[in-house]
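Each of the next two complexes has subunit A plus one more chain, namely subunit B in the first and subunit C in the second.
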Partner chain A sequence: MLRFTLERLIGMAITMLLVSLMVFIIMEIPPGDYADRYAFRKYSGTGVNVTEADIQAIRVELGLDKPMIFRYFDWIGGIVLRGDFGQAFAFETSVVKVIGDKVWLTTGILFATLILTYLISIPIGIYAAVRRGSAVDYGLTIFSYLGLALPNFLLALVMLYFANRWFGADIGGLFSAEYRDAPWSLAKVWDMLKHLWLPAVVLAWSAVAYQIQTVRATMSDELNKLSVTAARARGVPERRLLIKYPARLAINPVVSTIGFDVNRIFSELPIVAVVLGLTDLGELLLKAYLDLDMNVAGAILLLLTFAIVFMNFLSDLLLAWLDPRIKLGA
Partner chain B sequence: MTDMSDPDLTPKQKRQLEKEHQQRLKYYSASQWTLIWWRFKRHRAAMLAAVLLGLMALAGIFAEFVAPYGPVTRDTKYIEGPPQIPKFCDDNGCSLRPFINGTKTERDPVTLRAISVPDPDTRYYISLFVKGESVKVLGFIPTDRHLIGLDDPDQKIHFWGTDDLGRDVFSRTIYATRTSLSIGVLGVLISFFLALAIGGAAGFFGGMTDNVIQRVTEVIRVVPIIPLYMGLAAAMPKEWSTTQVYFAMTLILGLFGWPTLARRIRSQLLSIRNEDYVVAARLAGARPRRIITQHMLPSFTSFIIVDLVISFPYMILSETALSFVGLGLRPPSVSWGVLLQQAQSVRAIEQTPWLFIPAVFVVVAVLAFTVIGDGLRDAADPYSEAK
Partner chain C sequence: MSRMLTVENLSISFRTDEGVITPVQGVSFHVDQGRTLGLVGESGSGKSVSTKALMRLLPGTASLGADTRMHYTTKDGRVVEIETLANDGEPIRKLRGGEIGMIFQEPMASFSPVYTIGNQMMEAIQLHRPMGRREARSYAVEMLNKVGISNAEARVDQYPHELSGGMRQRAMIALTLSAGPALLIADEPTTALDVTIQAQVLDLMRDLQQELGMGMIFITHDLGVIAQIADDVAVMYLGTIVERGPAREVIRAPQHPYTQGLLAAIPSLDKLHDRLSPVPGDIPSPNARPTGCPFHTRCAQKIAGLCDARPPREIQTQPGRAVRCWLHDDEGRNAA
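Then we have the complex of A and B:
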């Protein structure tokens, strides 16, 4: 198990290294660099005449005149050694301060969505497999089609509309008005939990549709296995039999695709955040892109990807623990 | 087993046997593609989806002719107006030809705002092939005829209402269909060629090449795709023309759409790399490119087509999502996502719900591609047992 864990850890490090390279390239693509934008923001409208020489001076001061590969090492070195993601020019402070507790909000949204996804999809998937061909099974197939076809922002809008109708106006966003700028307290956390269900439902929608199909397919295969027939012949009660043999194996593919679900959730996050008015990393990411605040955008992209890679790692470990055959096979 | 030369058979039975024989002959001599087509035809939902999609594509291709008005033509007399539904009867009696009532401007009794209300005393008749704006169909066939519209050239009909600038939602949706579907097609084509080259190289050469390519694929797959697209889309200079933005978008969608397909091609190639006919081709001195395209690919073309069809929805949804948040196509281009930008708030649902009609197109297109993909997957292997 130790060796397996180590191997996965090294694989994770290599992937993250390559991802960081790619993120850095994306940060570099927009025309102009940090010095241009900094100078523009600082001096525009002040009547000060900014020359190319001034911008060059800022560049030298910040080390932006060095070749790209050095700048990459400056950037990644700052992150790994000091936890410093650079400056966020649009906010005139450090990226870490801007991102700050939004990381925890995003983590909260992520876990709420994941828990909701699995609480719904695993039991329903198992039920659909046991009752193959029933009306419920048929309805679920249609639902799973809609899971992909309904654009998430549309779903968010519709949900928001009905939530407004049934629960009053103060349902969008993550906090009620009185807690929005308040310091963290138990009451604020409770208030957040009351708002969390809406984004969680919207983000879980497509993941649920997908996972139900996965669970149903594996469960159907497992139900035809001889172990099930043998257990039935021994007279094991149906419910215990289902849990003990096929259901145990049917959650394996779900566990192995946790990282995939996280990926999907993060992919939808910025757009859902805009519609629902969430003040999390997704909304900040979109804002950073629109302002070309690439230090913030790069940091968020890196963090989101790191979360996905880390969840992949966790799911590998969890899977190896659930199903020892995998560890031996790999 | 009865034989056709059996003297005891009546002429009717003989004809019956002959017919069955012909059918079987037709089945055994049919090409792979004919068999796939036969099997696909039996899939009712997929056929329906194909017809729907075909209609959508036709409407998009001939948008200038199908849409009654241009995408940016404004009707200042009917701003944020609700859909006008053609009718056959009103208080003044019935008519065989559909018509709409005219509108007149009145003050809202509560807010005193100028609003358009139907005027039951005027009627405008709807016709096919009416005269309207001069356009060039497909960019080169000049015409001033449009598929549908009002007889009276000074009056306008808005089947699906108008937006806040008085632009016709129906016409705009038709034009948007062209943009959105064509972006999907171009994006899928680009990613297909990339997948072919990259997956082909990995699967054919194996070893070190394969390892490196697998690593890169892994990295692209692990980064959340919409934020990645957004990053590249944000980099497009603000001063780019709509055409430049359009092609940049197809490129962005295509450049990162290949990993799934490349993996599929790679694994298929790896599994048939040592088949006799491939080895024979290699020994005969054929180049890798020729072996891959002439000998190996045809054996799983149908599966690639299935994968291509089911990758359309992701392209369309990505484009819609990006344009929706203002990082994709920009006005004055019209795509489904650009149109839905106007419907971003709950206020829009309450006051101008017809602005959501383009969303129906998105949902129908995505569902259609998915259903067709399913139908094709069932049909793709015609030699397997018929279900």
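Then we have the complex of A and C:
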């Protein structure tokens, strides 16, 4: 197990290195750089004539004149050694300050969504497989199709309406007005949790629908395995039998797609965030791109991919624990 | 020698999309302590389904006939009417494993791949014996030793895929016997094994049966295996028993045309130059069951107008032997 973990860790490090290179190249690709944008914003409409030399001076000041390879090592070195993601040009402060809170909020939404997805879909999928062909099973199947067919943003709007109407809450945003700028406290965390469930439900919706079907299908397969009949023939009580034998293997495909779920949540988050009035990383990423504020964009991209790679690592470890044949290479 | 299991008029029906089919009709047999009953027949003859019914392991779409009686006498002398028990619940769970053990055809598939041999053995032991974890573990090792697994102390912590096919079936036997059953149902336990391993496992099962004094139902399609292991034999065809009797006598002098066909179909080293002689035709599908004698569609000796019209009765031909065939019935002989 230790060796397996180490191997996966090294693999993860290599992946992250390659990803960081790609992110950096993506940061370089758009024509022009922040020096152009800065000069344009500062002097446009003022009547000042900006020369190429002025822009070059800004470039030198911001350190954008050095060759790409130097800037890459500067950038990645700062991140790895000092946790410093560089300067957020448009905000005239450090990237860490700009994205700091939002990283935690996005992480919060991510985990709330994942936990909600698995807490709902795994037991229901197992139940549907055990009661296969019953009215409950058909009902769940219909719900699943609804879940898959309904677009996220629409669901967000509808839920926002009803949450507001029934709970009277100002449900947009992640905090109530009185906590928005307050320092972190238990009360603020509680306030956040009260707001977190809505984006989590919206984002979990389609994943729940999808994973119920996955668990139901694999569980149905597992239930027909001879090993399950054999365990039943040894007198293992039914509930314990279901959990110990078929269910443990039935959640394999769910565990192995945790990384995909993270990816999907990140790509759906920006639009849901806009509808729900959340200030998440996605919105900031879009803005940073428009501003050519590449340090911010790069930091966000890097963090998002890190989250995906890390969750994949986690799902590998979980899979190896669930199915001992994996780490033994059989 | 006491009777431990009496099955009378066992009929099993399944609800399917094409309607109700009844793959087992009016099967009766019994097992005595320390004796082995061989159930023989082709795939689809209802052997496995019948024994699954004994353990109430059939799916929810199956139902037992109203006249079905399955009476089992437990180790402490109680008579359990299995046909009245629910598929799930305390009474049938007590029977499963602890009273009646079952070994399946594929040793790989009957173990869960994600738990060690020891884990699955200890589970069965602790369910049926008053033992703690430590005790159960040493008992598991003892049982593995008993079935001839070397280095049992290490094997007990291995996963099923780390064992060879023959070892796995030995481990499965150890697992099933560790719960202490009085009756063992072995569903083609050697079919998936190499011939040499097959003989070893058969020897092992016979020795253990004698040592523990268990009754056994041995399911196979191979009459050669029956000759080695069974005391009595019941030949099944399309859900009914067509011939029964002491194994040696049935094999030496088969009376039913189907049994004769099965014996003739066994390849022999003495007759290498002859063509194989299979039983002609295919076993009919259970939802297109022939009228009259179920075997008449493949029978070379059928009596037209009788075999295809009326199902034969079971005729006792000698003490302890019976056959369900018009050829052995006075009424049939008169008609021919």
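Everything that follows uses one rule, which is that the second predicted complex is superposed on the first by the 311 of 330 C-alpha atoms of A that agree within 3 Å, B and C clash if a C-alpha of one lies under 4 Å from a C-alpha of the other, contacts with A are read in each partner's own complex, and residues count from 1 in each chain.
Note that a residue touches a chain if its C-beta (ideal position, glycine included) is under 8 Å from a C-beta of that chain, and two chains touch if they have at least 3 such contacts.
Treat the numbers as computed from the prediction; the structure is a model and nothing was measured.
Engineer: Evaluate whether subunit B and subunit C can sit on subunit A together after superposition, giving fit or clash.
Structural biologist: With subunit A aligned, subunit B clears subunit C, so fit.
Engineer: Pick one for A:217: touches subunit B only (first), subunit C only (second), both, or neither.
Structural biologist: After superposing on A, A:217 lies clear of both subunit B and subunit C.
Engineer: Which partner reaches more residues of subunit A, subunit B or subunit C?
Structural biologist: B
Engineer: In the overlay of the two complexes, what angle sits at the CA centre of subunit A between those of subunit B and subunit C, given in steps of 10 degrees?
Structural biologist: Rounded to the nearest ten degrees, it is 80.
Engineer: Is A:50 touching anything from subunit B or subunit C once the two structures are fitted on A? First, second, both or neither.
Structural biologist: In the superposition, A:50 touches no partner, neither subunit B nor subunit C.
Engineer: When the two structures are overlaid on chain A, which partner does A:103 contact: first (subunit B), second (subunit C), both, or neither?
Structural biologist: In the superposed model, A:103 contacts neither subunit B nor subunit C.
Engineer: Quick one: classify A:238 as touching subunit B (first), subunit C (second), both or neither.
Structural biologist: In the superposition, A:238 touches subunit C alone.
Engineer: One more residue to check, A:230. First (subunit B), second (subunit C), both or neither?
Structural biologist: Touch status of A:230: second partner only.
Engineer: Just checking: does A:64 make contact with subunit B only, subunit C only, both, or neither of them? Give me first, second, both or neither.
Structural biologist: Neither partner.
Engineer: Of all C-alpha distances between subunit B and subunit C after superposition, which is the least, in Å?
Structural biologist: Between subunit B and subunit C, the shortest C-alpha distance works out to 12 Å.
Engineer: For the complex, which residues does subunit A have touching subunit C?
Structural biologist: The touching residues are 225-227, 229-238, 244-245, 248-249, 322-325, 328, 330.
Engineer: Can you name the residues of subunit A that touch subunit B in the complex?
Structural biologist: These residues of subunit A touch subunit B: 14-15, 18-19, 22-23, 26, 29-31, 145-146, 148-154, 157-158, 160-161, 164, 259, 263-264, 266-271, 274-275, 285-286, 289-290, 292, 297, 300-301, 304-305, 308-309, 312.
Engineer: Which part of subunit B faces subunit A closely enough to touch in the complex?
Structural biologist: Listed in rising order, the residues of subunit B that touch subunit A are 215-216, 218-220, 222-228, 230-235, 237, 313, 317, 320-321, 324-327, 340, 343-346, 349-350, 356, 359, 362-363, 366-367, 370-371.
Engineer: Which residues of subunit C touch subunit A in their complex?
Structural biologist: Residue list for subunit C touching subunit A: 55, 57, 88, 93-98, 101-102, 104, 106, 109-115, 120, 123-124, 127-128, 159, 161-162, 175-176, 179.
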